[in-house]
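Here come two complexes built around chain A, the first alongside chain B, the second alongside chain C.
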Partner chain A sequence: MNAPLLPGFAQPEDHAQRVFRLLLDALARPGRVQTLPFEFAAPAPLAPATGAAALALLDYETPVWLQSADSAPWLRFHAGCPLVDDPARARFALIDDAGAMPPLSAFAQGEPEYPDRSATLLIQVAGFAPHASTERGPTLRGPIWSGPGIADEVRLGVVGLPDGFWRDWQRNAGHFPLGVDLLLVAGAQVVGLPRTTTVREA
Partner chain B sequence: MSATGYNFAYLDPQTKRMIRRALLKAVAIPGYQVPFGSREMPLPYGWGTGGIQVTASVLGRDDVLKVIDQGSDDTVNAVNIRRFFARTADVATTDRTAEATVIQTRHRIPEAPLAEGQIMVYQVPEPEPMRRLEPREAVTRTLHALADYGFMHVKLYEDIARYGHIATTYDYPVMVNGRYLMSPSPIPKFDNPKLHRSPALQLFGAGREKRVYAVPPYTRVESLDFEDHPFSVQRWDEPCALCGADDSFLDEVVLDDAGGRMFVCSDSEYCASRQHAGHTGPAHRAQRGSLAAARAGEVGIEQGKPVPASNDTASARLGRGPASS
Partner chain C sequence: MTQLCDPAQRRHWLGVLAQASPVELEQHLARRALPALHWLRRPETGLMMVRGRAGGTGAQFNLGEVSVTRCAVQDDAGRLGVGYVRGRVGRHAELVALFDLLLQDDIQRADLLPALIEPLAARQRAARATAGAQAAATRVEFFTLARGD
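Coming up: the complex of A and B.
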């Protein structure tokens, strides 16, 4: 009745470790674009990096909220993660259409004594614009990122986030140490956005 | 060399995923202690089970691992942990700080500056900086939630009232990113400034207490102090006896039973590479007999733990004891 499922990691141990290090680097160095070090195919609408991150991090201990259910059979088979309808109950959320995503406050924010019990959101975007200017002059003035993991500040534009997203992000940072952490994904690229990162629109 | 019948780097994939998720949250909330399901390891608690589990979860085939114990690559704990990962993960190992991608450490930070891309893994016996002041976990959790660290300031103040200065010399509490009070693990306070805005990612693992925490690169790490009693680090009157370094943490080594002693770098790789580069200390300039004594002292360091500072006078007194009686 269904098309055959796509395979998981070709080398489960090795690939999971490399994807984890990429995600660790992404969250430890926010605003820096990390690229998946191997070819990987994930079922639509998941981007390769979203699928890889899911297989590296998800298992029976992590309730997951899916924005679109198309990848549910693949996730259930390879990761065995429970899927939940209520975003507030999810440890991870996979979001393929950032324009239609719920506000960040809809997801688990953690508790004052246990701020780690908050959601990690994988949000797929159209792309990143790390350079503020092109050879034809400054065309994209990306917002300025600062915080732990960033030596001074970096400038990185994110294409495909909904209007008002950075205001929502500011509200998220205002609740520190509570709040969600984000992994922004474009194809095979990942950028970490932990709750400690301040993003100023230029 | 590599052992068969084990998972890569010993831990099973599900345990690694659990620890990895905890590490990601630890990085996202700098200095906050994330609970994790610490596993039984093939060595007892107190020997670095937390650090080993963090290293096992982070390590990949291309990594180059360095393990130090009190600054030395050649002490029992360091040798065993290094061999453990060489066998179970078949990774390359080194004693050169600059070549390592992952450095697991017990109670020191290497003297050579760390670089971007390196990961420090600290072995932590007691992750809660306020535990000796408040034994109840539920209470210290609440204090962290409220960022109420008055306790710790009172403790430091009582030091000043009693001794005239802050008497804490190791495991000196730090404030991370202006929010969480954190134990830097029992490193000497000499190493505290190296935590501040380090380009390396720093991960901490406490196996018995089942906590991991982290300091991302370039994060503010401030040692607690008072305006009129600013934080300061240990200083020595003499340079390292073997390599002449005047900027490194020195261990005191008792040489004989007549009060003879010398000071040598605690970071053995730093000391050796300086000597290799032609630097010499007072011991080399001394007579042949003293040099032999110095060598004997060097062997002493490698085999046992360096003498803690508080015992220095006691051991010196013991040394002199028979002569005076």
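Coming up: the complex of A and C.
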């Protein structure tokens, strides 16, 4: 018999639309922290914002790659999305342990004629450090983000990404217009990192 | 943990419940004690494509869309009751889901099958037979006679 499942959105239309708007804003304003505007419980190991984004984005047409299968029954019930074993065939990937994630090149990069046929990765991290640069000295200074949607540039540290992640991100940008887009999630917070954004380590 | 119930049997009672009148189900439910439960999916209405085959054996074709309301309820043991009904009556879907949940319990099932499902099924069979007989009475057979041109 199944273990009890968690419910989905309390108000399906309203909440799904607000989450979709939040994700649009996150990708339109990379490097700016967006916060989920309501309480939401997602099954472990998914963070509230990961679960909410999954319910807003996934349906029967979006193959999903899960790093950990624990949330599979919940996703299948509420989103009805097909789950795939091969990251290259997924349109969305839910990554709960960034330290053990495959390289970005393992996911669908799109085709030259259709760059949108690529994967969007939801990566759970430990947290964001937007204001760490001034007080604690240079060690906590975050990398510098720039690109469309960012006036001049912005500093944002991301806690919990694996070593070498930003080099991997630069390689991802090297294949533009192909590549993957990321949504970084910490608890109820989301930061968009589309393929157009350049991140320099300070 | 109890065993999952027989899918064919479950399909049968879900079909019977979906075609029963919500008022009747409501009256029957009032006499039952419900376990602790939570709604996993509140009633939501959508469209489904009904497909048919000409003569029951021909190629598949789309007959038309029909509104369907569905919902799902779960008890603390993890049993899942689902309700799918034609139309837009949310409460009907809820009632089907609640009875589906109750019917998955061995003790409740032993009582509910003879008390609710079998009488409903018998009445639905009788109504279908009457309608079928009335339609059959209007049947016209066409013959083509060869003309001797």
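Some points to look at:
The definition used in the following text is that the second predicted complex is superposed on the first by the 192 of 202 C-alpha atoms of A that agree within 3 Å, B and C clash if a C-alpha of one lies under 4 Å from a C-alpha of the other, contacts with A are read in each partner's own complex, and residues count from 1 in each chain.
The working rule: contacts are C-beta pairs under 8 Å (C-beta built on N, C-alpha and C of every residue); 3 or more make two chains touch, one makes a residue touch a chain.
As the structure is a computational prediction, the values presented were derived from the model and not from experiment.
Contacts of A:P12 after superposition on the shared chain: both chain B and chain C are touched.
Residue by residue along chain A, chain B and chain C are tallied for touches, and B comes out ahead. In the superposed model, A:F77 makes contact with chain C only, not with chain B. When the two structures are aligned on the shared chain, A:P4 is found in touch with chain C, with no touch to chain B. Looking at the shared chain after the overlay, A:A126 reaches neither chain B nor chain C.
Using the contact criterion defined above for the overlaid structures, shared-chain residue A:L57 touches chain B, although it does not reach chain C.
Look at A:F176: by the touch rule set out above, it reaches chain B but stays clear of chain C.
Judged by the document's definition of touching, chain A residues 12 lie at the interface with chain B and also at the interface with chain C.
Put simply, chain C touches chain A in their complex at residues 1-2, 4, 38-42, 44, 72, 74, 76-80. The touching residues of chain B, when paired with chain A in their complex, are 7-8, 13-14, 16-18, 20-30, 32, 34-35, 57-61, 141-142, 144-146, 177, 179-180, 199, 201, 214-220. Chain A contributes residues 12-14, 16-18, 20-21, 23-25, 27-29, 56-59, 61-62, 91, 112-116, 118, 120, 148-151, 176-177, 181, 194-196 to its touches with chain B in the complex. For chain A in complex with chain C, the residues that touch the partner chain are 1-5, 7-8, 12, 77-78.
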